[in-house]
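Lettered A, B, C, D, E, F, G, H, I and J in written order, each chain numbered from 1.
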Amino acid sequence: MLFQVEMDVGIPTDADPVKIDTLKAIEKAQCQELMTAGKWRHIWRVAGRYANVSIFDVESPTELHNLVSSLPLFPFMTIKVTALCRHPSSIHEDDR
Amino acid sequence: MLFQVEMDVGIPTDADPVKIDTLKAIEKAQCQELMTAGKWRHIWRVAGRYANVSIFDVESPTELHNLVSSLPLFPFMTIKVTALCRHPSSIHEDDR
Amino acid sequence: MLFQVEMDVGIPTDADPVKIDTLKAIEKAQCQELMTAGKWRHIWRVAGRYANVSIFDVESPTELHNLVSSLPLFPFMTIKVTALCRHPSSIHEDDR
Amino acid sequence: MLFQVEMDVGIPTDADPVKIDTLKAIEKAQCQELMTAGKWRHIWRVAGRYANVSIFDVESPTELHNLVSSLPLFPFMTIKVTALCRHPSSIHEDDR
Amino acid sequence: MLFQVEMDVGIPTDADPVKIDTLKAIEKAQCQELMTAGKWRHIWRVAGRYANVSIFDVESPTELHNLVSSLPLFPFMTIKVTALCRHPSSIHEDDR
Amino acid sequence: MLFQVEMDVGIPTDADPVKIDTLKAIEKAQCQELMTAGKWRHIWRVAGRYANVSIFDVESPTELHNLVSSLPLFPFMTIKVTALCRHPSSIHEDDR
Amino acid sequence: MLFQVEMDVGIPTDADPVKIDTLKAIEKAQCQELMTAGKWRHIWRVAGRYANVSIFDVESPTELHNLVSSLPLFPFMTIKVTALCRHPSSIHEDDR
Amino acid sequence: MLFQVEMDVGIPTDADPVKIDTLKAIEKAQCQELMTAGKWRHIWRVAGRYANVSIFDVESPTELHNLVSSLPLFPFMTIKVTALCRHPSSIHEDDR
Amino acid sequence: MLFQVEMDVGIPTDADPVKIDTLKAIEKAQCQELMTAGKWRHIWRVAGRYANVSIFDVESPTELHNLVSSLPLFPFMTIKVTALCRHPSSIHEDDR
Amino acid sequence: MLFQVEMDVGIPTDADPVKIDTLKAIEKAQCQELMTAGKWRHIWRVAGRYANVSIFDVESPTELHNLVSSLPLFPFMTIKVTALCRHPSSIHEDDR
């Protein structure tokens, strides 16, 4: 099932940049692994802000929580989740 | 270029249901025509609300405005537009 | 899976009370049928307001949407949906 | 009587992880003790956020305050309380 | 137990003034009956607005809901309920 | 004249607990002195939050400001003031 | 004592213009009478909106409420009241 | 001097379309006359919404108010005004 | 021309009190100098909060910005500016 | 295409002023370079606040993001982006 997840990242301006860069690298690797697995179906950058709009395709809200809360930048994020379902107007088979 | 468009539909409870059903049918046809043309890339129903989350792929903000404002239910909608861009973590070629 | 659904009901003060009473009776019957079926697990009145807090147990966001949007008072409601999952501290087997 | 309590937890990102883990362990033990006692009737994790939705069954607002404010993570929480009462549509005897 | 109830009254400007005056008279009588019974402990007008701040002393959230929702102006009100409890600094025996 | 004062207290989680306890003791003593003097007519704890709802009975907004801003926890508070006046439905002589 | 009163006026677009013009004329006369009496010390138009910022100098919140609620456009206004007091930096004797 | 003016237009869905079209035609003519006069320096459509962002160059807030409030669609607009001034980084002489 | 300026001051609770007292003394001197010059026409304390409501009478938004941003407490303030103009109901010549 | 970008700058009050001044100088240089290139078409200071309203003219949301996120003060900014398009009432050829 699909969930829209909007993630706003707020790194404290006095954080250690080396530590943050490490976290970002792990974050990117986890994201791409989940994309390859089909769990993280889309990710777009919000223009002008350190934020993204994502679409997850998971088995349950529990799986969604486990995936999102294990991201290394999770403690720095403000997150909004929206449960989605197929729209009767969609022509795409996999817009579940 | 991509835009996330969130549409909340608020039909007055005393509206003429026949007229509204006609507008909905035209809306659906326009939506599917735009999906076929690749302009309206995704549409998902927000679970539990008369609302959708959509992704448009257009040439410009002007084209986006023309498409959205010509929808027959446009006068009944509260709309939020967010400009998107490619995310460096995306593995999909067409997540432009 | 579980969803918290918060429903605020706003009946226009000039609505036909007979028609509204009919809708309320149908609403109550549908609610109780869904509670018996185990889909609508809990419903509580919010003290002092024409509103309720409910917990739904459904197969998917799509099923949630179909159940909620078919309620006769749906056009009069402002609805907020929150996806829930099992909490690691819960001792109840069925707090899924 | 029943209260819905929504708890959002915000741990400062520079907090001592050992100290926080200790607080979390105590929090979990207190939660489960209160669940066993029937005071904390339900707890669900909000998918994608460090937050929960809970239902308390207490003698009074005073007892609610004493229970919630004695949680070790209370100083890190933003809390919203909603007084609930039995809904006329409920079929469950103990949905008080 | 005590609840703070904040009531904002919004009468449509095209409502029938005779009908509204009748409702207001009944509202006042019900209010004073509840004050005499000790259920509605305090009521103050918010200066400059058609609104009041009230303190109710009731047996349960259910009793609160029954009292408030039976007010004739209830359909015109936006209501906010806050559960209160005794403050450790209070010197008044009956500031329960 | 009467003012409703809502005080939300936010102590930084890294504050010195000994210093805070000292401030709280002074705060309580000042509160009780003002209650005895009839200036601070009511104080109730908001259930589940480090917050109170209070009713002050003062000569002027200036006196209100002097009393509130001299509380030792004032720098940690978010405060909302609402001017109140006698409600025509009140049966209490001193609900001024 | 002084109160800042912000008044936003929202006339329904289908209101009878003759009736509204009559109300506006009475409103202006009442305003000027109160200004002459020194009760309504200042009134400024908010540039670009049908709204004003006013300073009232009254004996009590009750007097403020009586003055404001007797304005003929009161039912069309959204009003915000802020209690003011003398600022220690002011050099004006009558900035009470 | 410059003001940013954001105008959101909300035409009731049951308004007479002929009357609205007449108002829109007058609105456009007034807008273009003011643009020619240099008073209304910029106007942009907000993509996807019946709204615009405008920059006015006027002698005073009073002139701004007179221009904006004389627009025929003014009663249907929600308006936000922001006073602007020259930015020290600007390289344009007329970015006053 | 006139602007209403609302200033909320938020001093971090761990700031150096000696440094802050110095800034406050300079702030007061600057304020009184501007009041004497007629630029800062009114200042009132908001009762119960570390905040003020002020009326500035300046030549332009630029002059307003220069005056406000040169206040020593400016970095600690949340500021809201509202452009004002003469109200047709005002009887005061200098309520410009 | 055009985007309105509103930037609110929030420098922590305990930041190193020398480091911040260096960032501001680089920021100004980058801004002016982009203005010269025609990418950053307008920038205005918001009167009374450390904030600006800007108009960017870019090839795509991606270019907008790259320009804005490379500003040295980006980590200190709260940013709001609004996609704009040509308004049918505009008389200016280059109000694209």
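Basically, a residue touches a chain if its C-beta (ideal position, glycine included) is under 8 Å from a C-beta of that chain, and two chains touch if they have at least 3 such contacts.
This one's a predicted model, so the numbers in the text were calculated from it and none came from an experiment.
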For this session: Select the interface copy of B-H from among H-J, A-J or C-D: the correct pair shares over half of its contact pairs, counted by residue number.
Result: A-J
Exercise. Which chain has its C-alpha centre farthest away from the C-alpha centre of chain C?
Worked result: I
For this session: Mind checking the rotation angle between the two copies, chain B and chain E? C-alpha superposition, nearest 5 degrees is fine.
Result: 145
Problem set entry | Longest centre-to-centre distance from chain D, chain (CA-based) | H
Exercise. Can we say the copies chain A and chain J touch using the same residue numbers, with more than half in common, or are the two sides different?
Worked result: different
For this session: Report which interface contains more C-beta contacts, comparing E-G against G-I.
Result: G-I
Exercise. Measuring from the mean C-alpha position of chain F to the mean C-alpha position of chain G, what distance in angstrom results?
Worked result: 28
For this session: Determine the centre-to-centre distance between chain A and chain B, using the mean Cα coordinates as centres, and give it in whole Å.
Result: 22
For this session: Indicate the whole-number Å distance between the mean C-alpha point of chain B and the mean C-alpha point of chain G.
Result: 44
Problem set entry | Interface hub residues of chain H, defined as touching at least two other chains | 2-3, 45-48, 61-62, 64-65, 81-86
Seminar exercise, completed: Listed by label, touching pairs are A-B, A-C, A-D, A-J, B-C, B-H, B-J, C-D, C-E, D-E, D-F, E-F, E-G, F-G, F-I, G-H, G-I, H-I, H-J, I-J
Exercise. What part of chain F is in contact with chain I in the complex they form?
Worked result: 3, 5, 12, 15, 61-62, 64-65, 68-69, 75-76, 79, 81
Exercise. Which chain B residues qualify as touching chain J in the complex?
Worked result: 1-3, 60-62, 64-65, 81-86
Exercise. Residues of chain E touching chain G in their complex?
Worked result: 11, 13-14, 45-50
For this session: Please name which positions on chain A make contact with chain B in the complex.
Result: 2, 4, 27-28, 31-32, 35-36, 42-48, 52-53, 55, 82-92, 95
